[in-house]
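Think of it as A, B, C and D in the order they're written, each chain with its own count starting at 1.
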Amino acid sequence: MKAPELQASEWFNTDKDLKISDFEGKVLVIEAFQMLCPGCVSHGVPLAQKIERTFPHDQVAVIGLHTVFEHHEAMTPVSLAAFLHEYRITFPVGVDMASDTAMPLTMQAYHMRGTPSLVLIDKEGQLRAQHLGDVSELQLGAEIANLVGERVAVRVDDDPTQVNLGQCNADGCTV
Amino acid sequence: MKAPELQASEWFNTDKDLKISDFEGKVLVIEAFQMLCPGCVSHGVPLAQKIERTFPHDQVAVIGLHTVFEHHEAMTPVSLAAFLHEYRITFPVGVDMASDTAMPLTMQAYHMRGTPSLVLIDKEGQLRAQHLGDVSELQLGAEIANLVGERVAVRVDDDPTQVNLGQCNADGCTV
Amino acid sequence: MKAPELQASEWFNTDKDLKISDFEGKVLVIEAFQMLCPGCVSHGVPLAQKIERTFPHDQVAVIGLHTVFEHHEAMTPVSLAAFLHEYRITFPVGVDMASDTAMPLTMQAYHMRGTPSLVLIDKEGQLRAQHLGDVSELQLGAEIANLVGERVAVRVDDDPTQVNLGQCNADGCTV
Amino acid sequence: MKAPELQASEWFNTDKDLKISDFEGKVLVIEAFQMLCPGCVSHGVPLAQKIERTFPHDQVAVIGLHTVFEHHEAMTPVSLAAFLHEYRITFPVGVDMASDTAMPLTMQAYHMRGTPSLVLIDKEGQLRAQHLGDVSELQLGAEIANLVGERVAVRVDDDPTQVNLGQCNADGCTV
């Protein structure tokens, strides 16, 4: 399945409006988070930072997506900017575009069920995996390596979304 | 030394404007924090919550103080309210009163050097200890028990402030 | 209740055969452990080491007691000596005296229900608290401080043993 | 480089004397540890257990190797058996064959510099990586996935041993 396009009203840590196609040839990791979601702060965002440090940047790209679906007035771009500074997040972060419901547009398009959600997109822009809540680093390392190792070839997945439900009551925020 | 009075522009989780004298007869623990300070989120606030769960409420009271000295526009009361909800903080939290400098008034009066700062005030309203950054739970448990066990009596400390400097570069925020 | 006497077949990190009376005037903390009990290694023994580092040695003494009640042939004094060296345990450790049952003598006398067990004995040699499994550091710090602060006086507890049952299935070893 | 043969005087959790060739067609992970090495207990052995749980057993095999190079009299097979039971280690564990020096034979053949050491051997029995001390799970997951994904083909590494030196002073045991 083609990964739905990113719809962001604003970007941090980058000068341009990023699109999925900007990452073709690389594995793209999207960390969808909310700055006031405890599970995002304690493990979602740190995991994205570890991925950025572990894999070569010409093979794996990491971006964040601020997918606010609650407390909108508390998590404005002004607050997000300070959060990114305090937590030393240096990868590009987009603000998911507000919709006429509580859930923003990209989050809807990916059928995300909460935050943190980690999305893996392959070198050809196909959505290959989506994890909600806590993720095993061993398994994630293996999944990323598998995508890095792939030859460019068309592959069709009927249902590529592998949702990890899990210890998300206290840690993460389910929709 | 008499503990400086609390100066708060707003309170959460309580109906009244709290004063130091409201806690006479109890040991008062003040957790001074900023909602976007990583060390406050990872250990300062959780420690205050543990103190609240561990000691009898008729002997030890815990309150928070939102002492914002940076990114003021990012940590408004609207954002703080959502933070308290998401992190399930149920003790009273005051918003330290803004001054004409970056540092708010109560924080100035206590000569705090950053966040998280944990303040211990005895049953008679005397400032007895002040810790910056990470704190040993064993030692803190002992300090609180010592204050709980004290007979009410005048005690004069020339310099009651015991500042723990420490692993505050990455964890906490020094002024 | 008078604390039952220590019955050890051998001592490490000390030249003499220690008795409860050797610690009169100090609070005595006894960490009862087995070197192959996972909960003892991960939190029981480290907690005893923290107590030793936190409190003044003229007020609080820490000793260990190797209370082997299973796998006796695997946890001989020869193995214990290497364990103490590798884990840098410097406080005195006694080998609880074997009995004609699996459970050694001191462990029996204290009615311990497993390892790790942490025992608190006051300045006058009275048994004041006994915790099985994981222990809150805040609470333990308070308990030790309370005993340190006590004037020497006779106090009779009908049942001084406060046994903390808890997360001892995976962590500790219940008898 | 062809992985040196396993030389074990005894095996646990298996009926047969295992050889490298028994694992051809699978990626083989060898966790070399000592039961009284703190870093082995806190992260080396748990990591091996996680690998065993994460990867399909028809693709990745995990075995342990008890490479005792100090305190030999304290870490005999009798003690090891109790350790394996208490820590619920269910993968095969070999006792590295004693030599006329302190260091046992397999450990010598692999030029291991201490414990824990984690060795990766590919489907064709080639030694591909060797890590001393703490290892990033993300990176290790990627390395294992890369070996799983390989077509069977001859590959020559001049120096395949990638030794991770690191936080091994307190955690691990360097030769």
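We take it that contacts are C-beta pairs under 8 Å (C-beta built on N, C-alpha and C of every residue); 3 or more make two chains touch, one makes a residue touch a chain.
As the structure is a computational prediction, the values presented were derived from the model and not from experiment.
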Greatest separation from chain C - chain, by CA centre: A
Chain A and chain C: spacing of chain centres that average the CA atoms, whole Å: 49
Centre distance in Å when chain A and chain B are each reduced to the mean of their C-alpha atoms: 35
Residues of chain C whose C-beta touches two or more other chains: none
Graph class of chain-chain contacts, one of line, ring, star, complete, other: ring
Touching chain combinations (by label order): A-B, A-D, B-C, C-D
Residue numbers on chain C that touch chain B, as the complex places them: 50-51, 54-55, 136-146, 148-149
Chain D residues within the chain C interface of the complex: 36-38, 41-42, 70-71, 73-75, 78-79, 81-83, 85-87, 173
